[in-house]
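Below you will find the structure I want to go over with you.
As written, the chains take the letters A, B, C, D, E and F, and residue 1 is the first residue of each chain.
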Amino acid sequence: MAGISKNIMSKSPWVVHVNCNSCNGCDIEFLACLTPIYDAERLGIINVGTPKQADILVVTGSANYKNIDVLKNIYNQMPEPKVVVAVGACACTGGVFHSCYNVIGGIDEILPVDVYVPGCCPKPESIIDGLIEASRILEEKRIKIKNPDKGVAI
Amino acid sequence: MAKTVIPFGPQHPVLPEPLQLKLVLEDDVVVEAIPAIGYVHRGLEKLTELKDYEQSVYIVERVCGICSFMHSMAYTRGIESIMNIQIPQRAEYIRTILAEIARVQSHLLWLGLLADSFGFESLFMETWRYREDILDIMEMITGNRVIISANKVGGVTKDFTDEHIKFILDTINRLEEKIKDVENVFLNNYTVKQRLAGIGILTPEDARELGALGPIAKGSGIPLDLRTTGYSAYKYLDFEPIVDNHCDSYGRTVVRIKEIYQSFQLIRQAISKLPSGEIFIPVKGLPNGEVISRLEQPRGEAIYYIKTNGTKTLSRLKIRTPTFANIPTLLKMLPGSRLQDVPVIVLTIDPCISCTER
Amino acid sequence: MITLINLKILIKLLLILILPPVIGCILSGIDRKVTAHLQGRVGPPLLQPLYDVIKLFNKENIVVNKYQNVYVITYFIFVVLSLFMLLMKMDFLMIIFVYTIANTSLIVGGMSTGSPYSRIGSVRETISMLAYEPILLFYIIGMYMLTGSFKISKLAYTNKPLLYYLPLIFIAMLFIMTIKFKKSPFDFSTSHHAHQELVKGMFTEYSGPALAIIEVAHWYEYVFLLGLIFLFWYTSPIIGLILALITFFLEIVIDNICARLSWEWMLKFTWTIIIGLSIANILFIYLYNVKIL
Amino acid sequence: MANMLNIVLKNFLKKPKTRLYPLKERDSFERTRHKIHFETADCIHCGICQRKCPADAIKVNRAEKIWELNAYRCIICGECVNVCPKKCITMLNKRRDVAENKKYISIKKVD
Amino acid sequence: MLDRMIDNVTTVEKKNLLEAVNNMKLKGYRFAAMTCVQENDIFELDYHFDLNFEMEHIKIVVNQTDEITSISKIFPAAFLIENEYQDLYGLKFKGLIVDYKGALYLTPNSPKTPMVNNKAE
Amino acid sequence: MEQIVLLLLLIPLIFSIVFIYSNKKLYKPLSFLMFFICSILSIFLAYKGSLSIRLTGQIFKISEGIITLSEILMILYLFKISVKHHKIGIFILTVIQTIITLFTIFTPDKSEILTVGIDKFSLAMLLIINIVGTLIVIFANGYISEYEHHHGIESKQKLFYPIICLFLSAMNGLVVSDSLSMVYFFWEITTITSFILISYNGDDEAYKSGFRALFLNLIGGICFGVGNILLKKMLDIDTLSGIIQHGSISLSLMLPVFLLCIAGFVKSAQMPFQSWLLGAMVAPTPVSALLHSSTMVKAGVYLIVKLSPAYAGTRLGTVIAIYGAFTFFICSAIAVAQRNAKRILAYSTIANLGLIICSAGIGTGVAVSAAIILIIFHAISKALLFLCTGQIEHTIGSRDIEDMTGLIRIAPVLSILTSFGIISMILPPFGVLVTKWMSIEAAGSNPFVASFLVLGSALTTLYYTKWLGSILAYPVTELKAQDKKDFCIFFPLWALGFGVLMTSIFITPIFNNFVSPEVNKLLKKSTDMYIKRGEVVSKLGTFNEAMVFIALGLVVLFVILMRRLMISSANIKSIYMCGENNFAEGENYFRSWNGKYEKAKVSNLYFDNILDEKALTTFGYVVSSSIIIICLLGGLK
């Protein structure tokens, strides 16, 4: 029973996926994580469709002028605690497209990103790494929300 | 009649890519569906005017992650044509083989997404599991699973070893068996048939009118397959374009499944004829001229218009991808369909928004 | 004396309140595990549903309107009540009516959130209600005709299992279980996984604690629904239990071998074949005047 | 529907195909491109890699002998590996870790 | 499959565009693509048609301010690309079957006519 | 006692006259006054219990004289309007009617007795008529002026109130009469008042509907008259109590009973005759509520229930049960495809009357109890729903249930009352559902009846849930809404809502006082059921009302307890729109393809293609007419 009250968040991170300026490469690799070979559900990860039920926002691709509103809305509609994972070079920094006219840059220009997954496109293993890292941060955030005063000793 | 107006996308679980459809429904029947795009517009064509024409290979590869190889192939073939380069035979064959492997990968991916669009989760899982085998081939040969960077102006960067060839043959033999199982499900499962047959009808006339390409045209009985023109190594291979006369979602599914088998066949043929020799020739000078380069992607004909002016950078690159040409068919197929069929119909054009918008 | 009886009732009540969610949670864990294995995956741990619920309780409570959670509470209480009444072997017809309150509340809750997706999901759920309610009622009428009573407690005195005389209704029940468990081919109002035209259907706007309550209510509902199957072989609890478990497994398998069909298809199917089967079964009992009490 | 039943039951009876990734890891293929590795010893800071990198992920400062990589912009195309005259960039088939912030890899050559 | 763009180009007057395009349709061609190339201040629009993998091209030359007649009534397939050039080059097409009015790719805060090279710089 | 009965007849009449001469300002106080007097009188009477009065000698002469005179007046009126509006059908029917009347006048009644019999059932009806009825009159005060204003018709209120009062008086007369000739007399008055009120608007549509109603009801009246005469001739029965005493009637003599039943079917707008009730929806809402759902149409089922001793347990009973169940089913199916709230309510009314008839036809103790309880509960719930619909219409200017989407935001009180009305129709623990439970249990042994009931009740849930969902849905369509707080609107609404709740809670005394004795009397046996401590217990099963109420209480408790946790602590976020929300425009706007903002909205499904009203109606006509014709031709023998 004691184990249940520990790592509450990291046992069941639900993911919502937003495709920004991605070339599909990262998207399909993210989807591949859910398929039998990688089976992210083992780790409690479910791809829920709605941000309202999600804990982790997985973003692939960079921000452009049309999709920043979408990204912001989706982020705002997620309940706390929440974590943002930037998957792929595009989402981290803009990737090859960083100098395109319609690319604002990595999504950290818009949202606070918690985990960066490098690669173009990252292998599913890397994405799973990112999600595991994200669930750890999720748990930290939960504890922080629960005990707001305690601060973190450095 | 009470109208229902709902946005369908851009962030929507059934759509792997951001596309928005404004659906107007009357009692569950779609009366108006207008696609909104622009969520993945990067402005990549402009970028190639800033980069070295050799670097641009890596950029056009990222037009899209699914048939990224096809894009680099169309692009390099265009530049080679401007520069009058004859690439080695082995390179042509390797390009062809990789292109067909990419086609299998793309079609398997699509089959999975299609299954998902009508709520058949286990079938999605099954097809995507098979797809992993293809990705293993890719990773083994080229070092990456999706964006493989195997082309360069003047040939290819990765050679096949005997071990690779054996691995390819083993894998496709094994897959062919497995795909027969899922084929049976896609084409004969009662529930699946309910969701495909008669859904999203596109008559041959409409298909022509709207400029449908690839499996959509082929699923409506139009044998539009650029490979028959015999570019690259296709001229040495023996095949017939696949057509189907169902003219609906079912027809498109049939075409794509048959194309998988056809691709296996083509891979085997090409491997058996694979010549030895160099895989690229060094390139000198700068391209000057304009060209239209076309090839058959998994979703149909892609058109590359390349204009160069003797400098390192391109002066204009225009990419007309197959999905771009297939989107207008949605305007025809969606009205009159039921809400639950919208995802299925949208999926049957295999919408790749990232290449539509570039 | 009095305290003793009360104690007994109290213990019973506690058991009824505590045991079903535990069973339901495990069932839903088994569901996910078995589904995963059918798809060639490993799947989540058995207690994953529990982890999910605990997590959901720890999430921020967000709503689109302040009162949407009232419907969830109503749903929860009436699901528990209908299960309670089932376990207390009360009047079957009344149980179903009470169960209707729960479902209606959920539907209205979905509509009240105002999201287009949940509203369409709710509309579709009303349609599935239209599909399954008659079957449940026919089941009850069949039981009444066989036992001469609407009370479940009377089943204890029967000499033959219901299944023996209600085979067609049993088949009909198998179909509507698919609707109730929200499994393919009838998972169009909402489903456990996302990926569908309606995002999460009815539950699109529910999150955090409210979703957790819905989830727990689902656990009760699982037990309740399997309880209905159990009644088909009330005479021998072991066989009844096995019957329920087989049904459960069957539903999971059906879920994995079917695409989602359209609601029209379901409506046509239930209102012709399934209701036809049920009526045929009832007519048979009527004409041969079978009694098992 | 029997056609699918056949498949799922086979799956059910066989061992799951899942690679239990964080617990067990499959070896990468020999050619797998995961990340680039830079050996500063031979580098002459000629800047060819910077010029050829399609993503502008490399910055070479000739004067200060600094070679910098923005690993989160690198698309692992391998172009720099091909072009480096001194072969001081190599491709590794070991994954780069995910991180909570974007670390720039900056290597200064000390003679 | 390569086409050098030397052959088969017919340059027509702007006002004769519809007629020329209609002829292509009557001959059974399908609309394949359309490119826009900027040469200093003028824009060359090439309409590419295909019949049995043989390409024909129709070229018109316009200024940015010119109003161009849309061919989407003849070839519905063309509406998307015409909208695209409306966005990217600031051209104007009239008679589009679906007119995105410059909102196909761009939003009010994105760069305007991004594909146009301004020599002024 | 007798005086009170007389008062109940006279007071509305007096008010009728006062209304004619009073000025407009006095309508409101007068209505309230009437409400108080009538309710107090009826409650007092109900408290005192049943009685039976025989009018003989002088009083008989006077009454007979009044009746004959009024009948002649009515016939003259009918001739007048039929000539004025060139209605040949009406004219012919009036001629037949005249013949029947002349026949009764010239066959002198040897017994020279009229009986007034008030039993428990009549008392219940009296309570409904005098409380619900007068509440509706109060509502009309808040309603009718605005209604006339909307429709641009000149005020006919000088006609409206007197006619309504006259109707109330006639209704009171109908339920206290025991002599069939008296019942017949009042029956005809209701027909005519109904006609006048339906054609209230004075436009073509109103007259068309009015004449349709008149036509069909005259047919019903003729059946009644003929049945009456035959009953007297064949069985020497001329009172309702006579039927009870006579008990079960052999099939060969069933024709008169069946003719009376047909009269009941027409008045209750059962299947082949249902069209008049739908047409009657053009009348102002208070009229629909009063005449066409809670009281007048109940006269039909009232008669049928009263006749139940004659056919209970016979084959005719079974046929009536199937007939009622069929109407219930088919009208519920048609209602699914309706969007007009008043039409939904009309179909639902027909369906519920069908259910009552079905229960009466089954004829067991439980079933007849169900029929009577349903009459009571349905009257209150439906009155509430009709009035709410009327008020909604004045709030948003539409009676389309799609337009009511999000009503809860603009008119919360009204929405809650409407929702409560709907819930009371479809969900336990409220009365209507308890009776549905009873009738399904009672019908359990007849698979045909049971199937129709089962399917019909599923459909009922569907169309009401749809409506409920619309009202409670959140985002609103732009409605020019003014939620008016008019006391004479909301007092009746609250009172009726309260009535629904209270009658459901106190179902025990209602059952014990009004239903069970009546059933005992009618069927001469016990009801086979009792209600005790919130439990409806029959031989077949138990409905634990109390438990559901406790659960409802628990919900309230939970909501209060969890207020902080679940409700007030909740953070409001925007609606999920696939990420394309726009907050400046409103919460359910999304950015559309052309960069403009559009509103997302969802409507319900109406299955117009499957449940086509016309096709289903035709089907219903065929089936129900065949049932009736076969019975008439003696197919039962």
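Descriptive notes on the structure:
Operating definition for what follows: a contact is a pair of C-beta atoms (placed from the backbone, for glycine too) under 8 Å apart; a residue touches a chain by one contact, two chains touch by 3 or more.
The structure presented is a predicted model; accordingly, all values stated were derived computationally and were not measured.
Common neighbours of subunit D and subunit F, by the contact definition above: A, B, C.
When the C-beta contacts at A-F and at B-C are tallied, the pair with the greater total is B-C. Farthest from subunit D, judged by the mean position of CA atoms in each chain, is F.
If each chain is reduced to the centroid of its CA atoms, subunit B and subunit E end up 24 Å from each other.
Subunit C and subunit F have Cα centroids lying 36 Å from one another. Distance between subunit A and subunit E, defined via averaged C-alpha coordinates, is recorded as 40 Å. Per-chain Cα centroids separate subunit B from subunit F by 65 Å.
Residues of subunit F in contact with at least two other chains: 571, 573-574, 576-580, 591, 593-594, 600-602, 604-605. Counting partner chains per residue, subunit A has residues 18, 36-37, 39, 42-43, 47-52, 64, 66, 70, 74, 77, 79, 95-96, 99, 101-102, 120, 123 touching two or more of them.
Residue positions of subunit D touching 2 or more other chains: 1, 4, 8, 11, 16-18, 20, 54-55, 75-77. This structure has the following touching chain pairs: A-B, A-C, A-D, A-E, A-F, B-C, B-D, B-E, B-F, C-D, C-F, E-F.
Against subunit A, the residues of subunit D that register as touching in their complex are 16-22, 25, 34-35, 54-56, 70-77, 95-102. Chain contact summary for the complex, subunit A toward subunit F: residues 18, 50-52, 69-71, 73-74, 76-77, 79. Those residues of subunit B that touch subunit D in the complex are listed here as 51-52, 54-56, 58-59, 62, 122-123, 126, 129, 136, 139-144, 147, 149, 157-158, 181-182, 184-185, 188-191.
Within the complex formed with subunit A, the subunit C residues making contact are 32, 36, 39-45, 47-48, 50-52, 54-55, 58-62, 193-196, 199-200, 203-208, 211.
In the complex of the two chains, the subunit A residues touching subunit E come out as 64-66, 101-102.
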